[in-house]
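Below, chain A partners chain B and then partners chain C, in two separate complexes.
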Partner chain A sequence: MLKYILKRLIYLIPTLILVAALVFLLIHMIPGDPAAVILGPDATAEDVASVREALGLDRPLYEQFVVWLGNLVQGDFGVSIHSKRPVIDSIGERFPVTLCLTTLALIFALIIALPSGVLAAVHHNTNKDYLFMIGTILGVSIPGFWLGLMALLVFSVQLGWFPSTGFVAMWEEFWEGLRYMILPAITLGLFMAAVVARMVRSSMLEVLRLEYVTHARAKGLSEWKVVTKHALKNAFAPTLTTIGIQYGMLLGGAVVTETVFSLPGLGKYLVVSIYMRDYPVVQGCILFIALVYVLINMIVDLLYGYFDPRVQYS
Partner chain B sequence: MFLQRFLHNPIGMIGVAVIALNIFIAAFAPVLATYNPLTIDVAHQSEAPSDQHWFGTDEFGRDIYSRVIYGSRISLYISLLSVAVATLLGVAIGASSGYYGGWLDNIVMRIMDAVMSFPAILLAIGILAVLGPNLSNVVLALGLVYTPRFARIVRGSVLSLKEKEFVEASRAIGNGDAYIIFRHILPNCTAPLIVQATASLAYAILAESMLSFLGLGAPPPAPSWGNILSDARNFMMDNAMMTVFPGLAITLAVLGFNLVGDALRDVLDPRLK
Partner chain C sequence: MSGICFMLKKAGLVFTAMALLLALSLAPGFAADKPKFGGGITVGLNTDLTAVDPHTSVAVVNAIVLHHVFEPLLAYGEKLELMPVACESWEANKDCSVYTFHLRKGKLFHNGREMVAEDVKFSLERVMDPKVSPRAKHFSSVTAVEAKDKYTVVVKLNKPFAGFPHLLAYINPVIAMVPKEELAKQGGIFKDHPIGTGPYMFAEWKPDRYILLKKFDKYTGPTGARSGLGGERIAYLDTIKLVPLPEESVSIMALLNKEIDLLQYFPPKYVEKYNKDYAKKGLKLNEVPGLSWYQVYFGVGKPVTNNLKFRQACAYAIDLDKVTQAAYLGHARSNPSVIARGSVYRTDYHDTWYKYDPAKAKALLKEAGYKGEPVVLDTTKKYIAMFRQAVAVQAALQAVGVNVKLNVVEWPVLLKKCVKGDFQMLSYGAGGAPNPALAYAYLKRSGLEDTVPRLKEIKEAALMTADLGQLQKLYEEAHRITYEQVPWIQLYNYNYLQAHWNYVKGYKTINTGFPILWGVWLDK
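Up next, the complex of A and B:
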């Protein structure tokens, strides 16, 4: 197992280098002189020259990349042009908010998706199933950020159940912090809930048709036990892969959700940095989120074997 | 056979109707709109829905109903073009990569994997952050982001088909690579491509609205559903109704493509039903 994890990590290296290369090339897609674009039209020639030098833009491309990659490996994501602080420090302050938001959204999605998907599969082709299908198709069609705006309007502004401005971190005051997170997490997680629920339903349908399930029933096990203990565990393996892929939707969606709810997370920081043309921060945030996504999918792959022991770790 | 089954699928037909309605609205926007979507009217700022302004007005007194109607144009334009870009690029990359194999395949597919290692909307945000927000850049960004999905499908089909006897037979009678790819291989992967394209259209509409909401899509004052919502956010307390309609429009447009996508999947792969 340990050998397999190591092997997977080694296979990950070329992908990570390519991911880094794409993010590196982003800044070189800026039309014209990046340094001049960053500083805006009022910059003097000396300022432009100093930013060019600070960003290493005066050196050949491959050299810039090697230096940049070397710095990354040492945890140096560059320095913000605006605040002059190391980008990684700002990421470290803001990422917990994003992690909190996406984790809560994931928990919400699973709480909705697992039981409803199983129920729909058990009651296949009944009214319950049709209702489920309507619900999930709406779930993947309603834009989460709009739902967020509507929720803010109804539950925060009109009813006053949740705060509409400000922020309290959950790790400082858990219950108070949770009040700030509930609406964002639910509206962010809804899309994922719908996608995962559909996956649970279709993999449950496949599993419920298999002989071992009939056998379990024939043994006299209650339907509850057959479904939860025998069928669900097998049906969960393909669902897990969907969860891994959909986590990307959460990380990407968090950028918009944090903007809607004014949460001080990585997504909001990214958007604000784009407006300020703080490209090192933009690069750093995008790269960091991509790394998190890659790692989560690797963990999902490793967990896969637990739910589907046919997977060989070799 | 396939088309007939699709035509008998009620979900698919509802989806087709919704898409047709959306196209109709976009095509006849000048007829359907009651005002010019860009005309500023200081006498009627931030008004609630009324006989004159069915969906109310925004902070500049612009008619929201007319802006939502015109918004369908931007949404359709970007989704159709970006998916077209992704399909063309994806087919070209996937077909050549799968057909020729070797180091080309290796390098190209690793790059595709790397692109897919980003949450899609995030990469689009990154590309637009450097290129600047305008319609063609949105098309380009979303097109590039969705390309790997198409490339993977085509490559998979090419790999399984290129060793088949009918392809070898075609090669034996002296047909060239391009002929074989276009005549024998690509027609065999149209079904999964169509399903992917329909799903991508739904995603693209959602993505466009998110990008516009963040100020990275259609630049104002052009009426796009996302930037109407972005304006609405700032005036939510005074004019709540402004938030409702653009969101409903996005939902309806996305729903149409999702319904068709579901129906196509059922028809093509009845196992999942």
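Up next, the complex of A and C:
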């Protein structure tokens, strides 16, 4: 297993170099000039040229890339063109927010998705199943920004249960932080729950038809044991892939939720930085997100072994 | 005896008057108007800070926050008059090539050290450094900044320049006085803890969460009535918390929930709801005509739009009032001039423009030999008014037979096109330049300055005189040229809409739209 992990970590290096090159090229290919953004609507061509020179943007692209990559190897992600703050510090401030939001959303999603998916599979083609299908279709179809705004309107403005704006870090004040996180986590988790629940249902349907389940039933095991101990464990492996992909994607930034609930997360930061053509921030954030994504996929691969004994690591 | 009676009567009158005054002062209305010290206000901004160093960025939001923390030598009053802030007075020599600034004595930085002439010299030289400041080129006429004595600074220019004080009063960025030693401590640039001389100290910035300012107890500053960014700066509030709320509907919810006390940008589409409902709840809405100006540029060197008759036809085809209504839902006023209404430089002549006449527009298009060639109008959705006005202009031009294609691009792309003059038509807007000479300089974008050299001469002449009458004449001439040549169609100045709860007292919306919080107190 250790050898497998090491091998995966070594593969990570060329992957990240490739991502770095791609991100660098893509962001520099997008039309728009950070110098013009810095100067705002009152800029003149001379001002823009002067700022480009000061930022080193007038140097050849390959030269800029080599300098950036060289710094990156030494752990220096660069500084923001606008705020002049180190990119890595900003990522460090914002990633925990996104991690917290996504993890809470995942917990919420699993609490909803696992029982409902199993229930729908067990009661296949019954009213319960149809109700489940309607619920999951709604879950994947309702736009996050609309759901978020409705949640704010009802639970913050009308009922006053939760704050409509602001953020308190859960690692600073747990309960107060949780109050700020509940609505965004539910909003985000509902979509995730719908996707995961559908996956649980379809995997369970496949597994429940297999011979070993019939065998377990024939042995006289209770239906509860058959479903939870024998069927669910095997059905969970493909679901795990969906969860991994969803979780990885959201860790890259739950932009809409972060924007509606005014959360200082990584996704919102990345999108704003793209609009402002803050090259070092965009490059640093995407590289970081790629790293997180790859690591989560590796963890999912490792977890496969637990749920499916046929999986071997070599 | 009669003397005693008179004395008693007089004493009685005085007593009655005092009792009346006391009763009045205890009455709710009277008490509410008496400023109170203490408390904290939470203000919703429409975006987050991007930087905290006053010299490195021109973003409006940074200037809004940093005007409370830093101070310039001069600032604009409500009528765009120049007022002293960090200095007590200033004077120019006869030909306006040497300026002398007399600093306020006893003005302290937030680190407790007194601001002296050397600090002003350091700060101005920093603003002139292109590696630090995006505005460095604007100060290229400065040849030397000298600290004549502890409280006197002399700025020498390479040519007469009467507009120089306007540069020091820039609204964004703040041409701030900064302490050298604090910058040195923080690596040459303020990243987290800027130190200034303003009435509020920068306490904390949690990106995308809040910015916290705390009252500077040892603040001393200008006296006299508040006017725009000038006049007295009394910090009644202990703290100011500024919260970025970019989503319009969320900002309204936060205001209704009283999570914020004041909203910097009240979306025009909510005005109807305000009138019907919010006003009854105790919200106050301020609406003040602003300096921001919105326009459509023509590329005078580009195909089709290089034809003067075509441009004039477009001017006849566009009803300024209708475009203004469409773009700002009635919360703006059409203005064919680059000079904002209310500015001392604006005369009635600036209302001269083409009267809406579609028949005349069609006739001119025919004379221009226009045969329906496509004309691209670049715009963006980043600022919705720019998009809305582009749609309205497109509709107006299509009505007379101009084949206008909208090209919606991202804001950075539009900025680049504008700066490079790479457009046939461009829907644009800006915060407004209080100094019209600088506003007319933007004609360079259309390419007109190259074909009409007189424009450059007017700009140069305007920068060399401080005489109001002469300036008004020069700007009238500049407007006449834009009327004749139609390098742009100036559309409107929009109003700033800001809302706050009725317990926020002393708050005034100013024509720059900056929420200024000195002089503001809470009556909760």
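Note that in this section the second predicted complex is superposed on the first by the 263 of 314 C-alpha atoms of A that agree within 3 Å, B and C clash if a C-alpha of one lies under 4 Å from a C-alpha of the other, contacts with A are read in each partner's own complex, and residues count from 1 in each chain.
As a working rule, a contact is a pair of C-beta atoms (placed from the backbone, for glycine too) under 8 Å apart; a residue touches a chain by one contact, two chains touch by 3 or more.
Just so it is clear, the model here is predicted, and its values are computed rather than measured.
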Regarding the shared-chain residue A:142, is it in contact with chain B (first), chain C (second), both, or neither?
first
Of the two partner chains, chain B (first) and chain C (second), which one does A:256 touch, if any: first, second, both, or neither?
first
Between chain B and chain C, whom does A:64 touch in the aligned arrangement: first, second, both, or neither?
neither
Which partner does A:23 reach: the first (chain B), the second (chain C), both, or neither?
first
With the two structures laid over each other on chain A, which partner does A:33 touch: chain B (first), chain C (second), both, or neither?
second
On the A-aligned overlay, A:48 touches which partner chain: chain B = first, chain C = second, or both, or neither?
second
Scan A:103 for contacts with chain B and chain C and give back first, second, both or neither.
neither
State whether A:286 touches chain B only (first), chain C only (second), both chains, or neither.
first
Determine, under the contact definition given at the top, whether A:276 touches first (chain B), second (chain C), both, or neither.
second
Mind sorting out which residues of chain A both chain B and chain C touch, each in its own complex?
31, 149, 152-153, 157, 259-260, 275
What residues of chain A sit close enough to touch chain C in their complex?
31-34, 36-48, 50-51, 53-54, 82-85, 90, 93-94, 149, 152-153, 156-157, 160, 163-167, 259-265, 268-269, 272, 275-277
Using the touch definition from the top, list the residues of chain C that touch chain A in their complex.
44, 48-53, 56-60, 130-131, 134-137, 172, 189, 191-192, 206-210, 243-247, 249-251, 253-254, 256-257, 259-260, 382, 409-413, 415-416, 418-421, 428-431, 433, 438, 441-442, 444
Which residues of chain B touch chain A in the complex?
110-111, 113-115, 117-123, 125-127, 129-132, 202, 206, 209-210, 213-216, 229, 232-233, 236-237, 240, 243-244, 246-247, 250-251, 254-255, 258-259, 262, 271-272
What does chain A use to touch chain B in their complex?
14-15, 18-19, 21-23, 26-27, 29-31, 137-138, 140-143, 145-147, 149-150, 152-153, 157, 202, 206, 248-249, 251-253, 255-256, 259-260, 270-271, 274-275, 279, 282, 286, 289-290, 293-294
